[in-house]
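Two complexes come next, and they have one chain in common, chain A, joined by chain B in the first and chain C in the second.
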Partner chain A sequence: MIENRKTQLLKKTGLRLLGFLFTMLILSIVVFCFARWAPGDPLQSFYGDAVESMTSEELGAARSRLGLDAPLHVQYAKWVTNALGGNFGLSLKYKKAAMDVVTPLIGNTLILGVTAYLLVFALATLLAVTCALHEDTWLDHIICKIGTGIYYLPPFWLGVVLVLIFSIHLRWFPSSGAYDIGKAGDILNRIRHMILPLIVMIVSHLWYYAYMIRNKLLDELRQDYVFLAKEKGLTKRQIVWRHCLRNVAPTIVSIMAISIPHVLSGTYIAESVFNYPGIGALSIESAKYHDYNLLMILVLIAGALVVLSSIAAQTINEIIDPRMKETGVSAWQR
Partner chain B sequence: MGTILEVKNYSLSFDTPEGEIEAVRDVNFSLNEGEILAIVGESGCGKTVLCKSLLKLLPRNARVKSGKAELCGENITAFSERRMRQLRGKQISMVFQDPLTTLNPTIPIGKQITESIRQHQKISHNKAKAHALELLELVGIDHAADRFNLQPHFFSGGMRQRCVLAIALASHPKVLLADEPTTALDVTVQAKMLDLLLSIRKRTGIAILFVSHDLGVVARIADRVAVMYAGKIVEIGTANEIFYDSRHPYTWGLLGAQPALAMKTGELHSIPGMPPVLLNPPPGDTFAVRNKYALAIDYEEAPPMFQISPTHFAATWLLDPRAPHIDPPIFTKRRREE
Partner chain C sequence: MAKVENSRFRKVGIGWKKVEPVALKPSLKKRLKGKPVFSVIILLFIVTGCLFAGQLANHDPGSFYLQNVNEAPNAEFYFGTDSLGRDIYSMIWYGGRVSISIGLMSMAIISVIGITYGCISGIANAKIDALMMRIAEMANSIPNLLVILLLMAVIGKQDAVTLSFVIGITGWFALARIVRSEVRQIRNSEYVLAARRMGVGFPRIMIRHLIPNFVSSIMFVVVSTISSSMSMESTLSFLGLGLPVDVISWGSMLSLANRALLLDTWWVIIIPGIFLLVTLNCITSLGNFYRKGNTKRHSNL
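Right after this comes the complex of A and B.
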């Protein structure tokens, strides 16, 4: 029985891994094709304005040197073979390996993005529970009103205001960068640089998720089992934390999984307002300048995060609620 | 046999935007130790609301207008939420109608029971588990140890209801409010559930307030029966008095609507009309419009409780000495002759 369960688990993990690779393959094909079909000339990003004074022979020579003149499927095949060997090609704009452009920046983005992500959901859950515990009282009303108001503050404007107040007037926090020069390893220094971007990212996402969780919790509080829980003599807090939140958890985990790109892309605004070196701004640039190789690697990283997190979410949800296990039978076949 | 739960002049209203809904109106009854008192009536007559309000499980717009409920001599109507929590599950607990939705679907059965035990007793996890296993066996779930960690969806409806009962009994309460505990179960399971309740009463001496709309079920289990209509108790007496010597036309109607009885008379009766909406109820007897024996006074003044025997009371003007004599319907007569 145990052996059986083990092989089952292995099989399941294997299948999911296969699904992951397949998804990445499809994603790379789609992004590759769309990037090439989109109007615009990649040589523009390679040579800058010099392109305009080049002759058509020179342009043709440059294209064939960069491998841009081959048919699309040949280009793609070449890209895949290289990518499998760990070579993701040259960034046309930065004129060095795309990998080398991304590596120094991705750490900064991940630290900022993941911290914001975890804080957003932790705070959203806390807020939602507070609202649910005090449903339809002044506290709930005030939280909802303020939450909605703050959610509609434009993040770039908020960023600028925060810089004005906390960097320029109060001089509490630095206004830009990820760390002071020569202090990349200094955690405290990094945290000081992250605080203002974090505030902007949290404020711009928090209420969206808090409100969603709050409403799910209120639905859950109206279930019959809450009567039984009350009848046992449990307090409101115990009911919400032990019973309702547990039952809402699969929803929260699923939302967290699909919102990874949402929150991570939120770094873009923080990165541009606070001049924080990260891959958010890089992604936009790579698309703008037709920097295909850079674009591919960034999209694949984001895609891998999304797919992996949804696999993780499914696994976590099965632990929370075993009814969610895939039985191989759809609802229509039962 | 001492009185354990006494409800006196109990009235409860819901405040709604449309006005005040008088869901429970001037209800009086008492429940003795080890007794099973059944409350019967149509849907919407206030049975469930009465039970939930005793435990204060109603929404905020519910308000006790008058009267009180005394548990072991203490007026629990005046209790704060904090004191109610100490009471719920410990002194008085409740079994609900639909076993499929009353258990938390994601938490294993065993944990739901130990949670209830440990809420009121400071005991170790292992002791609570041992106690929970005993409870599961008490309510007739075999292989309790193997099933301890299963979620409710592994159980059938009847088994889930047994689990709910185990939770309700976890801290040895003195009173059990059973709100249609058998309605959602099929008939064979129903019978087993009733036997289980009777055996638990015998073993633990718990007093049960049994709410049902099914007189067949009530006949099997109740010591005394209270008939409720539109938020009022219209007739109350021992099971014998209600089934063989009922006096209120509404009780006659309910009895006549029993298929088992109809087999004997060859006729299945129904009570015409619908129960009234209790938003500004009309003056007089709310049952008058559906009552073929209604007197003129029924439309003007609500009847008081007339005493028929030391245990038997009914609220109908037919019992007034000035009222015309009316023969009860044929089927109750036959029952009396039997």
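Right after this comes the complex of A and C.
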């Protein structure tokens, strides 16, 4: 029986990985077409103003050297074969291989994103439990009011205001970067740089998820087993933490899975407000400068991150929740 | 039967008194209870201000007062001037027009796409439904901001209509999902079946039978797309991918924030931000009013 469940799980995960490849394929086609149909001459961004002084023969030669004159599907095939070998073409702005521009920055983004992600959900769960324990009291009402108010702060504006207060006037935290020059390995220095971006990300996501979890918990408190637990003599806290939260856990994991693109969007904004060297700030930069080779690899990385982590979340969900184990139905059909 | 005349009979009984039906007209205070009055008043104030921007503004919002660059709020420039020497007070009202209309336009686009997509998916058979939802899910799995970045980079035109269009076509997934689940619940009810058997076409079923039945449950989502679109507009403009500085909106005013940080001119950052924030919150509490209340069952705890 256990063996059976294991193979089932493996099979499902395998199918999901196939789905992942398929998604990446479609994503790459869409992004590739977009990038090629886009206005904004790639030659312009590659050669800069030198384009204006080139003759038409020189332009044609440059075009064929960069492979811009072949039909679309040929270009795509060529791009894919190169991409599989890890060659995503030149970044037109940085005049380096796009991969080399991106690789050093992925780590920075992951550190920021993962920390924020874990903090958001830890705090959201805490907040939700507090609200659920004090349902319909002044504490619950105040938390709800403040939470909704804060949720609609535009994150970039919050970031700018934080810089204004804490970096410029109080001089507590640095306003930009991931670390001071020459201190890349200094963890304390990195943390000091991460505090403001983290505050922005937590504030702008916290309440959305805390409220979802709170409502789920409140539904759970209306189940019959709560009576039994109460008759057993458990305290409110014990009931909520040991029984209700455990039943809500799979829901929290699925919410976490759905939230990944949302949180990733958050890092983009936080990064570009605080000039944090990560793939988010780079994406915005490359979109501004029509650097499509770079933008394409960034979109693909983001897509891969999101899809892979949602596969992980679904699998974890199935492992921890025995109720999900044999339903082959996807989330929306339930 | 002849009508009995009232006057022929004498009404008797201990302490009989004619009871006048008292009109149960609740007081104004009672009727407004639980409704977002405060938000509506503030929202009306801001919207009226934007509509009458021409009368309220005391300077030309587009012109550069180069002698008065970066002035703090004073008697002539109520909210100060920005780093280009423009009067912030006048820009607020003109900018509000653009910001609010971008919000409304995006809402319209999101509603049309989301409702249509959701209805089709809800009515269609299981296979098409699964396919449509899978597509929406896939599109939704890429961070929203990234898709918008890509589209803005590709379109390359930065004006209010393009921006609303881009925000609109990337923001309808959540709405479509809710609409679909609502339609799934009512698709087998008698009136829809009857209409289908009578050969009523899909668009008519959607407009006459489906939409009126789920409109109350999507109202909250629809209203809050206004505020999320406005927020997105300002974010994009701040990042330099939305409206350029010379098209005045609250977002493009905030795109000067980075320069304002270096110059330490707080009014350039705070004032448009406060207006944006207040408007967003008012719209949201308006939306919350449409939200279905929780089932008020007593907690077992």
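Observations on the structure shown:
As a convention for this text, the second predicted complex is superposed on the first by the 292 of 334 C-alpha atoms of A that agree within 3 Å, B and C clash if a C-alpha of one lies under 4 Å from a C-alpha of the other, contacts with A are read in each partner's own complex, and residues count from 1 in each chain.
FYI, a residue touches a chain if its C-beta (ideal position, glycine included) is under 8 Å from a C-beta of that chain, and two chains touch if they have at least 3 such contacts.
Remember, it's a predicted structure, so these values are computed and weren't measured experimentally.
On the superposed chain A, the positions of chain B and chain C stay apart, so the two partners fit side by side.
By the document's definition of touching, of the two partners only chain B reaches A:320; chain C does not. Look at A:104: by the touch rule set out above, it reaches neither chain B nor chain C.
The vertex angle at chain A, taken between the C-alpha centres of chain B and chain C once both structures are aligned on chain A, is 70 degrees to the nearest 10.
Once the two complexes are laid over each other on the shared chain, residue contacts for A:223 go to chain B and to chain C alike.
Contact comparison for chain A: of chain B and chain C, C touches the greater number of residues. In the superposed pair of complexes, A:232 makes contact with chain B only, with no contact to chain C. In the superposition on chain A, no contact is made by A:14 with either chain B or chain C.
Of the two partner chains placed by superposition, only chain B is touched by A:247; chain C is not. Here chain B and chain C sit at a least CA-CA distance of 5 Å once the structures share a frame through chain A. Common to the chain B and chain C contact sets on chain A are residues 223-224, 227, 230. In the complex of the two chains, the chain C residues touching chain A come out as 130, 133, 137-138, 140-146, 149-154, 156, 177, 227, 231, 234-235, 238-241, 254, 257-258, 261, 264, 266, 269-270, 273, 276-277, 280-281, 284-285, 288, 294, 297-301. Of all residues in chain A, only 23, 26-27, 31, 34-35, 37-40, 133, 135, 148-149, 152-157, 160-161, 163-164, 168, 175, 215, 218, 221-224, 226-227, 230, 236, 239-240, 261-262, 264-265, 268-269, 272, 283-284, 286-288, 290, 292, 295, 298-299, 302-303, 306-307, 310, 330, 332-333 touch chain C in the complex they form. Put simply, chain A touches chain B in their complex at residues 223-225, 227-235, 242-243, 246-247, 320-323. Chain B meets chain A in the complex at residues 52, 55, 57, 85-90, 93-94, 96, 98, 101-107, 115-116, 119-120, 151, 153, 164, 167-168, 170.
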